[in-house]
Structure formats: structure tokens, C-alpha cells
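Common to both upcoming complexes is chain A, partnered first by chain B, then by chain C.
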Partner chain A sequence: MSFARIAGRVRKGAPLAQADGLALFAHPDLMEVGSLANEARERRHGDRAYFNRNLHINPTNVCVSACRLCSFSRRRATDAGAFVLGVDEAVGKLRACLAAGQRPSEVHVVGGLHAGLPFDYFTSLVAGLKTTAPDITVKAFSAVEIFFFHRLYGMSIEEVLRRLMAAGLGALPGGGAEILSPRVRRLICPNKCGADEWLEVHRAAHRLGLPSNATMLYGTVETLGERVEHLLRLRELQSETGGFLAFVPLPFHPENTALAELPAPTAAESLRVLAVSRLLLPNVPHIKAYWVSLGLATAQTALWFGADDLDGTISEEKIYHQAGARTPEGLSADEIVRLIRAAGRVPVERDTFYALARPAAAKEAP
Partner chain B sequence: MSLDPGADIFGAGRQALAQARQAFGGQGCFFDARALPAGLVRVPYAFGEPEADRQQRLASLAQETTARSSIVPTPVGQPQGLDTIAFFAACRLACPRAHLVADLDLLGLKLGPLCLSFGADAIVASIVAEREPRLGGRASSREVTRDEAAQMLRASGFAPYERAAGGKACPR
Partner chain C sequence: MSARRLRLAAVSFLNARPITHGIERGLVGKGRFELWFDLPARCAEAVAEGEADLALMPVASYAAARGELRLVPGIAIASRGPVRTVLLLGDVPWEEMETIVLDAASRTSQVLVQILGRARGLAPRCESAEHDRIVDLVRGRRGGLLIGDACFAASRRFAHVYDLGAEWTARVGLPFVYAAWAGRPDALAPGDVALLQESLALGLAEREAIARGFAEPNRIDIETSLRYLTRNIHYELGASELCGAAAFVERGHQVGLFGEKPALRFYANEARPRPAAARLSPSLDGLLSEAAAGRRLSFDEGVALCASASLHDLGQAADARRGHLHPHGVATYIIDRNINYTNACTTACHFCNFHRSPGDARVYVLGEDELAAKLRETVDLGGLQVLFQGGVNPDLGLTYFEDLFRFMKSSFPLAIHGLSPEEIRRLAEREDLSIPAVIERLVAAGLDSIPGGGAEILDDEIRRRISPRKCSVGTWLEVMREAHRLGLRSTATMVFGFGEEPRHVVGHLDKLRVLQDETAGFTAFICWSFQAEGSRLPLQGDTSATRYLRMLALARLYLDNFPNLQVSWVTMGPAVGQVGLRFGGNDFGSAMIEENVVAQAGAVFKLSASEIEACIRWAGFSPRRRNMRYEWIE
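After this line comes the complex of A and B, so read on.
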């Protein structure tokens, strides 16, 4: 289909098909694709660009999965660099953050698949965070971890989610989706839950009223067709449940992984992925340019290529930095506000659910 | 031309890219930062500088440069994404016949090659014959091989060639 016909469909609000997605990835003019995505982005969000104040906690990097794409994990607890935080130690990171005067609205918790921890460790961790700061949202455990808990502890997916929700879980992060294709998963993460299982965890979460995000790791061994298929599978689930808050495309960082020989996706490729994502996912409210993985310059530019969110202040990002990310491990809210304003957008601070969105305070002006 | 960040990045970018392709017949070049060709003009730019100052610098540049000049936009301080690509587009539109060079050592391996979509037709980098994997302490290395440099140009639609210090061109 010609670009003009695709643009016509976007402007009429008609959903795009697999062939349209492929055509957008192949279109020679990146500016044209970006401009169309920007139209869709501005129709929905105007000049607003969202961010939040958040804290990342990785309770452990011990992981049985041994994915080829990962530089964060350690196979055994005795391996060099392996760690498991005690519950108090992990909650202590939030206490330290609060004591330093930071005001996170969200704690993001993801870790390795550690077969030696009791389920009580995870419920205690969530409860400890929630007790320490009752107003924050605990966004914790990717679908891969939830599926691992289901298998390891012999509970249904719903039961795992219900128990974590009872402890204070407020949302699921979107990690572990990689590419929702059996072929790709066999090659890069054969021991992780499958594509259908990843989707099933999110379906179950949405049914229980637990919203989530979705990611896509691009730039490993996937084809463009598999990228488009990934996006369409997410769109289909979103049509069914409406539970996804944001979509987060993540460029692969080959450094320090078993796939270090692969070239990293270029900034132009990342901008195109963000733009095509905005166009193929009209029913997902937000497209996030995760500054840690994209780099600050590309993330800022992405605010004109379909993205409306930069994620947050983070503090102590570990997973991408193990893979050689050159960004800082955290940014202040002032720095994010400056970055957004320098892009000619209006910074809006949000919570996990984009419900308490408010314009950034004037004192944070550059 | 005046270009506010984001205001018309698509129109300016498209025009700058078209001019870059037209000026050099679709060819793009790379060269080693340790063997710079003659005629290189470094042009500083700083995020937040007065627009009038920037316009004046671009106007002077347009008068001084020839088709043999190579303009290297050089950030003062940490380069911003949109400001950098907007400045590259503005340089190309001001100097349509000069080489416009993205310095990968200064701009990095993400932002640098992106400038090839916004008016640059050349890259300068620390070129190595073989690159060790970006592991451990080398994870942040900005060295690139000749093949990688050529691929960056190809990915932006340019037919790559290497420009040696003596002006010799080696197609890739």
C-alpha cells in the first residue's frame, strides 16, 4: 500500500494491517513516517510530554534463564557479581530515597528468576515498600517473573497475581516480551516463558484490574515482519482488555552480552520503531521513549517521532548499564523537565496510571 | 534560516537531506579522526545560545565556505538531540555545496549517525582495522571499523567511500 493510503487510513482512524506496518518500516523517507506519527501523537497528547519520579529496585540478578541477550544476570548465587537483596535492604533503598528528599510516585521492581527464594520474599518485599510509602505505586515483576512464580510455587497465574495484589502490587511492568515470536525466543531466550504465556499473564492481570505496560526488544535476530506481528498481537490483546498503559520499544544493547557481535540499532532505526509503534498501536494510550536505553539525545528527539513519555528519574538503573548504556543511572526531575522543554514540548509530571498528571512547576524552568 | 527545536524538524530535515544527496550525487564519505583532510572548518554551537548569534555564524559560514570545505559542527558542552539535528539541517541549508561532517567522537554512535538524516554527508571517527567487542571497560568505546562506518552511510541512503588525508577516495 502506498504511503499516502496509509496516511489516509491513520487520519480516518482505521487500523493498519501487517502489510502497512511492513511498508512503514521499508518507507525510504524517515521524516514522512515521523511526521505522520507526530500527527497521531499530537492529536492525542498535544504538546504534552510525560515523566514521573520513580525508583528502580532489582532484588536479585541470580537467574536460571541464561538468556543470550542479557548482561545483567548471574547463573548461580555463588557467581562473581551475583547478589540477592534482603527484604529490609531492598526496602531500605526506598527509605534512603525518601530520606534524601526525593518524592517518587512509583517503585519499579524487576529481577532475575531465582529458584531459591520463597514466595513470601516477594510478598514481603511488596508489602514492605507499600508500608514504607503508602502513596506510591509498586509496579513490580515482569510477566516472565509472574509466570516463573506460577511454575515454581505451583499456583495459578491468577493466584500469584492476587496474592501480590493483596500485598500492595499496583501494576505490572512490561518487560520480558522481547519479540513475541517462538522462533526469536528460541534463539535469544529459550528458557523464558513463551509468547502466548507472556500475553496470558497480561490478560490475567488486566482481568483482575491490574494495568500493565508492554515492551519490545528490537535489534537482535528478528525480522521486520516479526516486529510488526509483535505490535499487532499487543494491539489485539489491548482491544480485548484495554489494560496496557504504555508501550515501550527497547533497542538491544549488544555490549557485554552473548550477542556482542551484533550491531546496536541506530538512532534513526529507533526513531522509526517509535513512530511505527505509534501508528500501529492507536489503542495504546502512551508510547514511551525510555531514555536509559535510547540515550538522552535520541529520547529527546523521539518526542517528535511518536513518543509522548520519557519514563522517569529512576535512580540506580542497573540492567542497561551492565550492558554498557552510557546514560546516567538517574536524572533529577529538573533535568528531565529541561530536556523536555528544550525539545519544545510541555513537561507534565504523571503517576503510574497517568491519572495525576500535572504540569511541571514553574520553579523547575531552566 | 531560523529553526526552533522541533518547530519544523521534518520539513527542514527532508530539505537538508535532499540537498546533501544532490550536492554529492548520493555519495557519502568517512575519514579517520587521526588523518584529517585539509579544509576542515569547525563550527561551534551551544544549546541555548542566542538565535541571532547562531544566524550570524551561519551567514559568515555561508560566505566563507566553498564546495571544497568540510564543515564540522562542534558542540560546546553536552550536545542536545533536537538542537544538534536542527543545527546540522541549518548548516546544510546555509552551505548547500560544502561537506557537512558528523564527528562521532563528539556526538557518539547514536546521535552522530542520525545527523546523516539531517544534512550531513560525512562522518569522522576513530577508525580501527578491527574492533574488539564492546565488553567490560570497552563497552563505551566510540571506535568503529571501516565496514561499520560504511554501513552507517549506507543506512542513511549514501554510497560510502573513504576519504584519505591526501584527498584520495576509496570506494567501499
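After this line comes the complex of A and C, so read on.
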């Protein structure tokens, strides 16, 4: 289908098909694709660009999954560099953050698939974070971890989620989706839960009233068709549940991984992926340009290529930095505000649910 | 000189008619000119023999005259792609031709067919024949080179037809210049250049009538002859055309067809800078689409875009403009080496953390051995050029540079892109010589082109604040003007982040555009943000990626007479550099060879060149290596 017809469909609000997605990836004019995505983005969000104050905690890097795409994990608890944070230690990171005067509205917790920890560890961790700061949303455990808990502890997915929610879990992060295709998962993360299972966890979470995000890891071995398929599967689940808050495409960082021979996706490709995502996912409210993985410059530019969110302050990012990310491990809210303003957008601080959105205060201007 | 009539010899082909139109019809310079028509090669002879003062002559004839001639600025017969009237004809493909009969009428075409043949690995025997006999002589394995209006009819008669204009541009990436007005340096009186330019302007407006007048008697259709005058041929001698002509002279010299390779020098340009055309649309959107289509922006319009247009709108308009200027889907890059011969500097700009005061223990001046090692490495790694810049070191006089350049040129096949206006101005002061005298001596010693550094923001108020001892705006421009007049090409830069406002940015671009209208000597514009880390001067204003992209896009729209815009990945990072190729940039700059590469040098270099190519590809372009003229290198 021609670009003009696709643009027509987008403007009428008609959903795009697989072939349209492929055409958008193949369209020679990146600026045209970006412009169309920008139109869709501005229709929905105007000039607003969102960010939050958040804290990343990775409780463990011990992981049985041994994905080829990962440089963060250690196979065994006894391997060099392997760690497991005690519950107090993990909660201590939040306390330290509060003591330093930071005001995070969200703690983002993801870790390895550690077969030697009791389920209590995770519920205590969530409860510990929640009691330390009751106003903060604990967004924890990717679908891959939830599915692992379901298998390891012999509980249904719903049961796992209910118990974590009872401890204070407020949302699921979107990680571990990689590419929702059996072929790609066999090649890059054969021990992770399958595509259907990943979707099943999110479906279950949404049914229980637990919102979530969704990611896509691009730039490994997937075809463009598989990328489009991934987006369409997310769109389908979203039309069923409406539970996704944001979609977060993640460029693959090959350094220190078993796929180090692959070239990293370039900025132009990342901008296109963000733009196509905006166009193929009209029912997902937010498209996030995750600055840690994209780099500040590309993330900032992405605010004109379909993205409306830069993620947050983060404080201590570990996973991408193991894979050679050259971004800082954290940013101040002032720095994020400055980047957004410099891009010609209006910074809006949000919470996990984009509910308590408020314009950034003037004093945070550069 | 002005007392008698100026004798003009022009080629008799259709493509020259727009140039001579005003004179021929007596519409300009009544009584000033005496004009006659002849075949191209004979036009050049007329000047050589003193029968004509000025001739519309082939570039090859200009080259053969060994620098004794001057060109009239702004006027040429050129093509960027198919020309239709310089054809290699044959019953068999080029590869199978044993002999090519050359058209005695045009020396340029003779050289061109040989350069292009060699590029294909072919060197058929050449014979020369009279213009009128070429078509009859083509048979079997004997091809023929035909030029001029006879091509329209002849092209239909042969199985194999090669358009040499198309061949040249597809291979080199630059326009081809067939002919330009040239004469002896003292041939023109004040006002003549303006009259010649006016004659062309009148002719351009009458192309339809000229095409009609030609079509009927020559039995070709009007559309073909009009398309020829409006699409195939163009009449501008701009920066790209100058580079194309210089590339032709250089390539001809390399294959031994020219003994010399003279610089392209000009009569003084009397034309006033082209004003911005009337604005058709009052809205910002309208302004952007007009700019994207190539309408010249006024200063106020530039300020409005700089202040108010959105990032995406600027980018899209700039990308569209870039697409018009560079329709081949190619983005270029160069392999060169940055050599800073000294860090001693008395200019001591506030923003600079490289310089050391003369006498400081950390001062260095590169010795010949050190320099030779760097140059050897550059050559080994496929480098074509060195960017040779330093501080302004009062210990180093003109003879230091002359000796060094002679040494470099005698031992290494590298172009010297060196000495920014500030360095040249200080040399002139130190030696008590004029700026052109310094440049002429440097050129004689081997200087090839001048980098556009030290422009920062071309505004004296800002310069006094950030670099009080550096040359003024006027001097910076004057050095560039003199260099261009002497046939050197240069780049131009802009550094932002010094608290400049839109009027300063657009003012900077405007000054460059005005000079470019006069000299056509700038090959490219490059901008980047002030790198404040470690500097005494605090950063002022936004220097984030999006501001850079806005600047780049604005420059692409405003600098309508600059053929190339480099992205600055070295300062802005590869991601921004790559995205910059979609915001008006068409060149990825330099794969700079690391300063202290040793054993792994090959690997380092290879990786960075391949990374550059990957960046270019993912931005949707084919990568091509180039030299300083933006000529594609095989």
C-alpha cells in the first residue's frame, strides 16, 4: 500500500495491517514516517512530553535463563560478579534515595530468574518497599519473572499476581517481551517463557486490574515482519484488555553479550521503530523513548518521531550499562526537563499511571 | 581597453544561445561587444592568437592556457547528468570499440571521453576528424565522439549511445562544465562582467523562444529543444560546477592529458547578491514549503524560521531541499587526518582549552619526523588529505609553512587543507605582506584548500566577548574572499552556544551566503555546538541534539548557494550525525584517523570507516568516499 494511503488510514483512525507496517519500515523517507507519527502523537498528547522520578532496583543477577542477548546475568550464585540483594539491602536503596531528598513516585524492580529464592523473598521485597514509602508505586517483575514464579512455586499465574498485589505490587514492567515470535525466542532466549505465555501473564494482570507496559527488543535476529507481528499481537491484546500504559521499544546493545558480532541499531532505525510503533499501536496511550537505551540525543529527537515519554530519573541503571550503554546511570529531573524544553516540548511529570500528571515547575527551568 | 569594442567568440551551438542572447539582440552593452560564433576549439584559439578578447571556451582550453586566463564568474554551460549533446556513438558497446574518432571541434570532450574510458579500464585508439565527418566514420568497432546539435539527429542512428554528461556525474557526483567565458586578465573593463551576466539573464527568460527558433530549421521537436535548454543544460557556474571543473582538470592532468593543472581564477564579480524572491505565503508552513522548493529566504524569514518553526517542520523542509540538491541518494565522507602542528597560540580565545601561551612548558611544535610518520600512516590507511591547523604561534613564519608544505608535497600524495583565516591573517601581519600575497606563496608551496574554522559566530559583538583577539568578521570574510579569488576552495563553519540569538545565527548564515554569491568558493558548511567542558567560558544557551538539528536544517534552507552540508558526528556523536543526514546534511564528514594509532591502526580505521558507512546506510543513503571537492572517489 502506498504511503499516502497509509497516511489516509492513520488520519481516519483506521487500523493498519501487517502489510502497512512493513511498508512503513520500508518507506525510503524517514522524515515522512516520522511526520505522520508526530501527527498522531500531537493529536493525542499535544506538545506534552512525560517523565517520572523513579528508582531502579535489580534484586539479583543470578539467572537460569542464559539468554544470548544479555550481559547482565550470571548463571550460578557462586559465579564471579553474581549477587543477590537481601530484602533490607534492596529496600535500603529506596531509603537512601529518600534520605538524599529525591522524591521518586515509582520503584522499578526487575531481576534474574533465581531458582534458589523463596517466594516470600519477593513478597517481602514488595511489602518492604511499599511500607517504606506508601505513596510510591512498586512496578515490579516482568512477565518472564512472573511466569518463572508460577512454574517454580507451583502457583497459577493469577495466584502469583494476587499475592504480589496483596503485598503492594502496583504495576508490571514491560520487559522480557523481546520479539513475540517462537523463532526469534528460540534463537536469542530459548529458556525464557514463550510469546503466548508472555501475553498470557499480561492478560491475567490486566484482568486483575494490574496495568503494565510492553517492550520490544529490536536489532537482534528478527525480521521486519516479526517486528510488525509483535506490534500487532500487542495491539490485539490491548484491544481485549486495555491494560497497557506504554510501549517501550528497546534497541539491542550487543556489547558483552553472546550476540556481540551484531551491529547495534543506529539512531535512524530507532527513530523509525518509535514512529512505526506509534502508528501501529493507536490503542496504546504512550510510546516511551527510553533514554538509557537510546542515548539522550536520540531520545530527545524521538519526541518528534512519535514518542511522548522519556522514562525517568532512574538513579542507578545496571542492565544496559553492562551492555556498554554510554548514557549516565541516572539523570536529575532538572536535566530531563531541560532536554524536553530544548526539544520544544512541554515537560510534564507523571506517575506510573500517567494519572498525577503535572507540568514541571518553572523553577526547574535551566 | 574600454574605448574599443570587446571582441567575443562564442560557440555556435544551441546551448550557447541563452548566454549570448542579450548581446546578440543588442539588448545589453550596445556598441560594447563584437560577437561571432565558431566551433569550441576555435573560440579558444581566437583568444590565444589575440583575435578575440573573450571566448566561450572549453574548460580543457582554459587548462591548456596555463593559468594565463581568467573566468567570468557565474556563467557556464554545464550539466548535472545527461547533457544530450556530448555523445559517444557506436555500432558496438564501448568495451568493444577499438578506435574512437574524436570530434576535432572540442578538446574538452576529447579529454572527457578518455578520462571516462580509463575509468572503465578502456583505452581505445583515438583518431581525430572534422566535426562534420564524425557520423559517417562510425562503423563496426570504430566509435565516434560527437558534440553539439548534430547529436539530436545522430543519437537515433546508433545501437550504442553513451551520454558523457550522464557518465561523468554518475561516476564523479559533480556537474560537468562544458564551457565558460574566459580571457586574458586585463581584457575586461569595469561593468563588462555585469553586462555578460545580464545578457544571460535575458537569455534565460527567453529560452522558450530560443528553443522554438532552433527546433524548426533543425527538424527536432520544440519539447526536446526546450527540455535541453531547461533541464539538461544549466548556466550557473556555482560552487559545485567549480568543483566539477577542477575535478576534470585534475583527472585530465593525472592521465597526462594536461601538462598543468591551473587554478580556476576569476575576474572580479560585479553582481550584487541575489535578493530573496517575494514571499508568496504569509504562513510559516508556506514559508517552509517555499524554502524546501528552493526559494531564497530573506533575513527576516530566516529569523522567523529559526525562532518559531518546529523541529520536525524544519527537518522535513531541509530534507526535501537536500533531496533536490543531491538526488542520487548518496551521502559522502572523507578519510583524512587532523594534524595540529602546534598548540602555542597568542589568540587565546576564551572558549579554547587547546592553546598554550608561547613559553609554556607544554607548548609543542611538530617536528618533520613526527609529521612524516603521521603522513605515512595517513597514506597507508587510504587517507587523501590532512586537515592542518594549529594555534597562532609567533615563532613560525611563512618560510616554516612553505618548507613544510614543500616537504609534505614532495613525499606524500596528500592534499593540504590547512590554515584557517586567523592563521593566514597573522602570517600576513607577521611578514608584513598582503593577505593575497601570503596565500599565493602558500599555494605555490602546496596549499590546496582552506578550512572554515574560526568563524564561531560571525558577529563582532559576540566575537569581542568570546575571542577578543581573533580576527574580525570583516577580516575572516576577506581572507576567504581572497582565497576564493586565487582559485582555492574553502569550507565555512559555525559554532553555537555563545548566547547567540536567532538574528546572530541568521546574520552569520547571511554573511556566508553573500560572499558565496560573489565567489562560489565555499564547498561546504559545518556547524556544531560549543564544547564547553574544561573551557573558561561557560556554555550559554541550549546545545542539545535538537538545537543542533534545528541549526543544521535552518542552514540547509538558508544557504541555498552552498552545495554541501557536513554533519559533525565528531562533536555531536554518531547518532546525531546520522539523524543529521535527515535534517539537511549530505556529508558525514571525516573518518578521522586516530592521532596515536600504532599497531592496531588498521583495525581502528577499518572499523570507523565501516561504522560510518553503516550509519549512512541506515539513514537511507549509499555511502561514497570523496575528496575536498566532494568529488566521488572510486
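Here, the second predicted complex is superposed on the first by the 366 of 366 C-alpha atoms of A that agree within 3 Å, B and C clash if a C-alpha of one lies under 4 Å from a C-alpha of the other, contacts with A are read in each partner's own complex, and residues count from 1 in each chain.
Just so we're on the same page, a residue touches a chain if its C-beta (ideal position, glycine included) is under 8 Å from a C-beta of that chain, and two chains touch if they have at least 3 such contacts.
Nothing here was measured: the structure is a model prediction, and the numbers come from that model.
After superposition onto chain A, partners chain B and chain C are found to clash with each other.
By the touch criterion stated above, A:Met31 is placed in contact with chain B and with chain C alike. By the touch criterion stated above, A:Asn54 is placed in contact with neither chain B nor chain C.
The wider contact with chain A, measured as residues touched, comes from B rather than the other of chain B and chain C.
Judged by the touch definition given at the top, the superposed model places A:Ala260 against chain B, while chain C stays out of reach. In the superposition on chain A, A:Ser293 makes contact with neither chain B nor chain C.
Residues 28-32, 34-35, 38, 263, 266-269, 271, 295-298, 300-301, 304, 339, 342-344, 366 of chain A lie at the contact with chain B in one complex and at the contact with chain C in the other. Chain contact summary for the complex, chain A toward chain C: residues 28-32, 34-35, 38, 263, 265-269, 271, 295-298, 300-301, 304, 338-339, 342-344, 366.
Residues of chain C touching chain A in their complex: 310-312, 315-316, 319, 542, 544-547, 549, 572-576, 578-579, 581-582, 614-615, 618-620.
On the side of chain A, the complex with chain B involves touching residues 28-32, 34-35, 38, 254-256, 260-261, 263-264, 266-271, 294-301, 303-304, 323-324, 326, 339, 342-345, 366. Within the complex, the chain B residues that touch chain A are 4-7, 9-11, 13-14, 17, 47-48, 79-85, 108-111, 113-114, 116-117, 133-136, 139-140, 148, 151-152, 155-157.
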